[in-house]
Amino acid sequence: MANRSILGLFHEATSTADTIDRLRDLGVAEEAITVMSGVPYTPEILGRRPVYERLLPIALLGAVGGFLAALFLTVVTPHLYPIEVGGQPLIPGPPTIIIVFEFTMLGTLLATFGGLLAEIAFPAVGRQDYDHRITEGHIGVLAVVDEALADQVEGALKELGAHHLKIDEAHHVPGPRPWRRLAFVGAFAVVPTVIGLLFAYSVLVIPLPNQMVNQPSIAFDQGPRLAAPAEAVPIQGPVLIDGLPASAPVPATADSLQRGSILFSINCAMCHGQDGGGRGNLSGYFNPPPADLTSERVQGLTDQQIFLVLTQGRGLMPSVAENLLPVERWDVVNHVRTLR
Amino acid sequence: MEQPERKWTMIVDIDKCTGCAACVVACHAENNVPIVTEQEVVRGRGQHWIRIERYWSGEYPHVKAHFLPILCQHCENAPCEPVCPAYATVHSPRENLNLQIYNRCIGTRYCGNNCPYKVRFFNYFDPNFVEPQDQQLNPDVTVRSAGVMEKCTFCVQRIRRAEEKALAEGHPLREDEVVPACVQTCPTGALVFGDLYNPESQVAKLLEPNNRKFRLLEHLGTLPSVYYLKGGTSRVSE
Amino acid sequence: MSVNEVEHPVWRRPLLEGEDLAEQAEHLKRRHLLLDPKFPWEMNDDALKPMYRTSPSFWVIVVALSGLVMMGAITWFRQIYWGLGITGLNRPIYWGLFLVNTVYFIGIGHAGTFISAALRVLKIEWRRPISRAAETITLFGLTAAGLSILMHLGRVWKFYWLLPYPNQRQLWPNFHSPLMWDFMAILTYLTGSTLFIYLGLLPDLAMARDHTVGWRYRLYSILSLGWRGTEKEWAYHKTALDIFSYVIIPVMFSVHTIVSWDFAMSIQPGWNSTIFGPYFIVGALFSGVAAVIIVMAIIRKSMRLEYFLRHEHFDGMAKFLLILSFTWAYFYFSDYIVPWYNGEPVMKVVFDVLRRGWAAPLWYLMLFCNLLLPVATLWSRRVRSNTAALVMVCIYIQIGMYLERYFIVPVFLGYNELPFSWGTYIPRAGVLLTIASFAMIILLYMLFSRVVPLIPVWEILEGQIFQGLKRIGRALLPARSEPH
Amino acid sequence: MAREFTRRDFLKLGAMGAATAVMAGCQPPRPWITLEPYVRPPEQQLAGVATWFASTCRQCPAGCGILVRIMNGRALKIEGNPDHPLNQGKLCARGQAGLQVLYNPDRLTGPVQQSQRGSRTYEPLAWEAGINTLYEKLAAAGGRVAVWTNSTVSGHLFDLFQRFSAAVGGPSPLVYDLYTGFNGYRLLADVSQELFGRAALPTYSLSHADVILSFGADFLGTGLSAVRYGREFGGFRSQPLGKRGYLVQLEPRMSISAAVADHWVPLRPGTEGLVAGALVQIIAEEELASADRAALAQSLIGGLDVGSIAAASDVPAEELLHLAHAFASASQAVALPGAALTGTDAGAEALAAVQALNLIAGTAGEASGLTLSPPSPSEAVLSPEPAAFSDMQALIEQMRAGQVQVLLVHGANPAYDLPEQVGFLDAVANVPFVASFAPIVDETALWADLILPDRTYLEGWGYALVSPSFDQPAVSGQQPVVTPVFDSRSTADILLTVARGIPAAAQALPWPHEVAFLQETVEQLGPGAAGGSGIDVLWTRFQQEGGWWPASPPEPEAPSLASAPTIQLQSPSFRGGEEEYPYHLYLYPSGLLSDGRGASQPWLQGSPDPMTTVSWQTWVELHPETAEELGVHDGDIVQVTSPEGELEAPVCVYPAIRPDTVAIPLGQGHTDYGRYARDRGRNPMQLVGAQADATGSSLAWSTLRVKIRPTGEKVALALFENKVGVTEGFLNAEFPH
């Protein structure tokens, strides 16, 4: 059956209280009665059942949430990428307390506010039973009753001094509409966050004048590469130019031999074999096969000649000039000398 | 946390420092440190990773000048490190270096305030290297933009290169292989650099029995890695 | 009209027999806002009218201020483009006007929360009409402070690297750093006080909604979230306000303590002092309360709020100011005497600079503004009751407190343990940005005052309802009845 | 942010391993770099691996060996050559700054000509055209060709110049620049000639000395070889068994050498020689040293009145006695003559007196003591010997008289170096054709008709006979370490080309290019420490090792007295009356800009001067009392007037200078020479007249009096230190002495 919503405006608290009693007597359910006022009247003034509100527990929940968030930031994140600073422990004690405090407070406040909105179904969207005179000091009593009671209630209100009456079809009272409110809140909260993240992850980039990405220095393999001056000789040893003999062999020191053997095993051994016997893993694929470096023929060459072979290649053997600096080639030469 | 392997240490023998400024220029060349204009110097923004502080004592004619080369002290308890909100200056526990990571720096300049040695320099403007000066810039070292803190790194790029070379050549890093630009060029040998944890190193030997050694502003407890040897005196027979 | 003729039973006061009592009643009414009730609709008009009543001079000022703000914006852009070189900063003075402003703005922000939260908790009734005006200062003070921090950054476009969120740099902020604490604290405080002021606004927004048309109506309808004033709403509203009040007070204390720790945690001589926390808080309240008094006086005049803002309010604030002045002096003295007694070399020099060096005139001016003037004047009721005089004192206090922060930041920084790298600071572009920041605060406040009722009508009505007169012997005394 | 990790990135990161520490954090891509991979990299070039080339530093005449770090054909860093006998791996600030000579933005990008001298309007022209013009002029001039070069010119170019002049019958090339002129190289050589019978620079090894008396020698700052003396000083301070030498510095203004000295004696300018003489006198009288040494002293010095010298030099008699004691009783004592000595009007005697001290000390030729720079190892190797002041004046006379058709200026910058009284500029006006080879337009090139920019020392070939060379003769090799940055050409090649067209010179200079000539020279040197044989090997090693030096250093021969002269000393006569010109003028070469050739390099301009921490400026050093009398403070501009000229510069109050003396550094005050040098500071040579010393071999710049007038103007002094802090700061008290 259809309901009526009846809103009466009163001048002062006492008559309001009386009205509420009367409505009770008429059998109007307590929760069907709503009192609206411009100043906070407490239930006991109006002789009503005190409102049961649970904001405090919500706030406490928020506090716990903030506390945990703080712990995550201060205790967990340092371990994701441990960095030592100033001889302080990875997780500093007192500073942690500060962060924990701030976040706990922040959590409490946010939860309180959010809780308030959620509990009293804010923001209330859609039409409401209300009268703007309520903010002029009038007290509104709203009763939602069915047809049967409507007339009596109306009479009661009139009788007890309601100087205005507003009666109309009871549309259902705006209850909590989570999805609409979420959309409302999200518009404020989510959108900026998303935009921020787009920048943070440099999906969107603001081109700013002084960025260190663009370096004035010339990177190692950045062009244009300039040629080395012709005929100049670096300290590592001479560039091999026709007419000039390769000079200044590196003395066969222990270091040189060690370097040589490492370089040999990297650059030569796959063909010539670790022992230089010409039986490397790939030796089978070549015809003529790789030279036996221990042979008289090879060992009979001068250092310079071996260096020349390394530098320019010979027959199937490629040049290793682009893998080895001259000085390194000399190390290899020294190593080859030890293969007997 | 990594265990410390090395402790790079520098010794400055005040007795030998002649204030010739070779180290200053060498540092500029090696680390792409910009030269600021006269105007900027007047504004108190001179920028030299290693500087030679000259103090006076006594009255004329017995006045005496004292040279005190000051560079980043690479403190073990560096006051500059914890105050950076962006982890732009951090400690490398492996080798006890105080690293500056330029592209993390957002320019709060807190480290600069908190450095008692005032060896941190802020780039108030972008450095301008007029063509062809940019050809000289060392590609091993980032050129810092405006709004970024910078400081002496003990030529960390040279340390890294030396480490890589030693690795490639398959031998442990040798003492003489790591030399910062300033130490390399110091004519009198007033600057000595090495690994204090290596008992064979020159620094270890120099510091072992030395009663001339002291560290700058020791009362602050920053435990610098730069030791100073104070000036001696010599008597002449009458 | 007299109380008796009010035909609204709600507003009828207990009947009085005899003239003398009536006179007493009149007297008390004149003195106390809460004993001088008005009809709600009248009060609504009093609160709403000023929002429409905008004189041309108002707009002239707005344009002028916007001009200043624009200038600031341009300067900031130039600073971002060229680098911080256009400011007067150097080595070793890495922190200058921007940090001074930050401390100062956060400081003046403190009074707002203090008045609306602490006085609420303490149930000090005269706070009711001034709470919102004060909170608004907090709101914009904090905004300006945040901006100053951003201006201070060398690479401001990377400020978000301070936010703790998972990012492509795989790097979380460094919680060892006082700046991070500061960041978190200001974030909490700004969020908290914004929600706090909004919460208090809800009923008044509803009131405004009910008495406006056009765009204002639409705006207030959205902002008031459909407030109707049901018992449930009121009940939650009250609890929420209480929770906020209790929570935001410690936050307020933490904020300025942490701001002071930005300095105290460093090993810069003159900064690393254990007393900085409370010292800064008191300083903040000091400058804050003074700021509130100035603002009260201005809006009282310009918005004709004589009915709401009365002598009792100025008087209460002024007394509070006097106490704060003493407290500030106490802390300043303790912070001064300890290094003086230790004979710490650097501080010796600094004190010399303050006492007889280049900074001496400013230093004595500061002492005059912060201690001498308030103590010498505020004890007298005549000064307290004279708004103009009171405002003058407060302006001097602002100057004094700004100077105090200036000494702490760029002056102390100039003196460290290596005299070779001492320095002096001549602010350059920072000045323009400082002016712009002040202009921005005033501008925002003025515009805000045209959109939001600065007088919490519902709070005053509530107060007036539960405030009454009680006859004891021959006297009528204000008596407050509180529903639990 | 998912960015695909390419192989190139991997290589880049690998190569950048060194830089990772400073470039950690997020490294966004660098799309705007054009990477240039090598298909087949040339020798010595692997990505990220540096190549080092040995060469020679030409920032001063000494000739230190350098190693240059090259990457992608670009010079990144200069370091000392550890094998080089002179500097043994070390370098001074100027040596380090050499890169900015190479990469100076103001270098000429090609040959230019000036239709109107001094107009600063340069029309570029093709190299062929330029060389042709030069050829025509030279061909027409015949023997009336003068060459003005400086002491840092490569030996081979000097050689070619000489052969050319000889061939066409012109005067032999003139070597004169401020550096050698100011430090009195010529006078030092002359005195050696007179005393020891060989004209060579004296060298003093200090590493084992007990006592050093330095008579105004800033041997650590701008001496003959700051680097080598720096090394010596290092040894001197830390000798075996914890021995630490005792250094006494006698000079009116505290130089860095005085700053590190154990004892500083601020004597009156110009009296250094007298004091040296007085010490000899005391040793002779008191017979402090062994009999024979005392006798030697007796024979060397005529009767001097110590008392009057004490008065004249403002050094108390007992102080003199103390010094004499210290010197004579030391087992290893050395006396160093300084530039200020050679700058007096009686420099020769003063020098002789100091050398006399060394002889008396008996340390000549020993591990620490006086030796003479060894002669050139081969007659093929020449070194540009600085000309006497009088020779230089003679040339200027010829120019003024119009006897010079063509003037070739290489390296030298007389228009800046010389006081205008010497009259170079009006003389040049009478020279029909002037060709300069300056890479940057300097004050002299401004007055040239044709500028054919030579290559800088990092781009060009050459060698330098190391001088002063301490224990062994050494020829330092110079080779191009980078390809020329700008379109410049080697002057030697130009000269060879031109000579081909001039019959007289054609057979005198037959070489196709300079390298051929150099190789010939090196071949005549024969095998050195690097060994090898055959021109190819010798030449290659010459380049690779950075020069030639003997396999085993020869025994240092002790310089012995050729004759037994009696040294006459008279107190110097100062220009300017005492009442009108109350202050002594004391000039000194800036430790960074040296004689002014460093002014084009921002690293040297911007680095603070060690003693005053001023950069970018010229300043006038005044004693605090003097400043107070004049009522001036830091930055107040004063006008300094000498009988010869005047300049205006800001005051820098300086606690370590005689109250009656004013010190001004050389180096600034260029009117050209690139953006960094131009219109910056003042050139104090304006104050110095054209007067030479008695022998006419060096400029008498230290016997001048000046007056000072505050102008009332003020500039901000570009100090790096905070003067308030340092002078009123508290650290001094507790500074570790």
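Going by the order they are written in, the chains are A, B, C and D; count residues from 1 in each one.
To be clear about the criterion, contacts are C-beta pairs under 8 Å (C-beta built on N, C-alpha and C of every residue); 3 or more make two chains touch, one makes a residue touch a chain.
The shown structure was predicted, so the numbers you read here are calculated from the model rather than taken from an experiment.
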Where the centre of all protein Cα atoms falls, which chain's Cα centre is nearest to that point? B
Whole-Å separation of chain centres (CA-atom averages), chain B against chain C: 47
Determine the centre-to-centre distance between chain A and chain D, using the mean Cα coordinates as centres, and give it in whole Å. 61
Need the CA-centroid distance for the pair chain A / chain C, whole Å please. 35
Which whole number of Å gives the spacing of the CA centres of chain C and chain D? 68
Which residues of chain D are in contact with two or more other chains? 1, 16, 25-27, 71, 74, 721-722, 726, 729, 731
Send over the residues of chain C in touch with two or more other chains. 83, 155, 168-169, 171, 174, 176, 180, 417-421, 423
Two or more other chains in contact with one residue: find those residues in chain A. 83, 85-86, 88, 92, 201-202, 209-210, 215, 218-220
Chains as vertices, touching pairs as edges: which of line, ring, star, complete or other describes this one? complete
Residues of chain B touching chain C in the complex: 40, 43-46, 51, 53-55, 68, 70, 79, 81-87, 104-110, 112-114, 116-118, 121-126, 145-149, 217, 220
For the complex, which residues does chain B have touching chain A? 1, 32, 76-82, 84, 87, 89-91, 93, 102-103, 126, 129, 134-135, 137-139, 141-148, 168-171, 223
For the complex, give me every residue of chain C touching chain D. 168-169, 171, 345-346, 348-349, 415, 417-423
Inside the complex, what are the residues of chain B that reach chain D? 13-22, 24-26, 28-30, 35-38, 41-42, 44, 46, 48, 51-57, 60-61, 63-68, 92, 97, 99-104, 130-133, 135-142, 153, 156-158, 160-161, 164, 181, 184-190, 214, 228, 230-238
Along chain D, where are the residues that touch chain C in the complex? 1, 25-26, 721-722, 724-726, 728-731
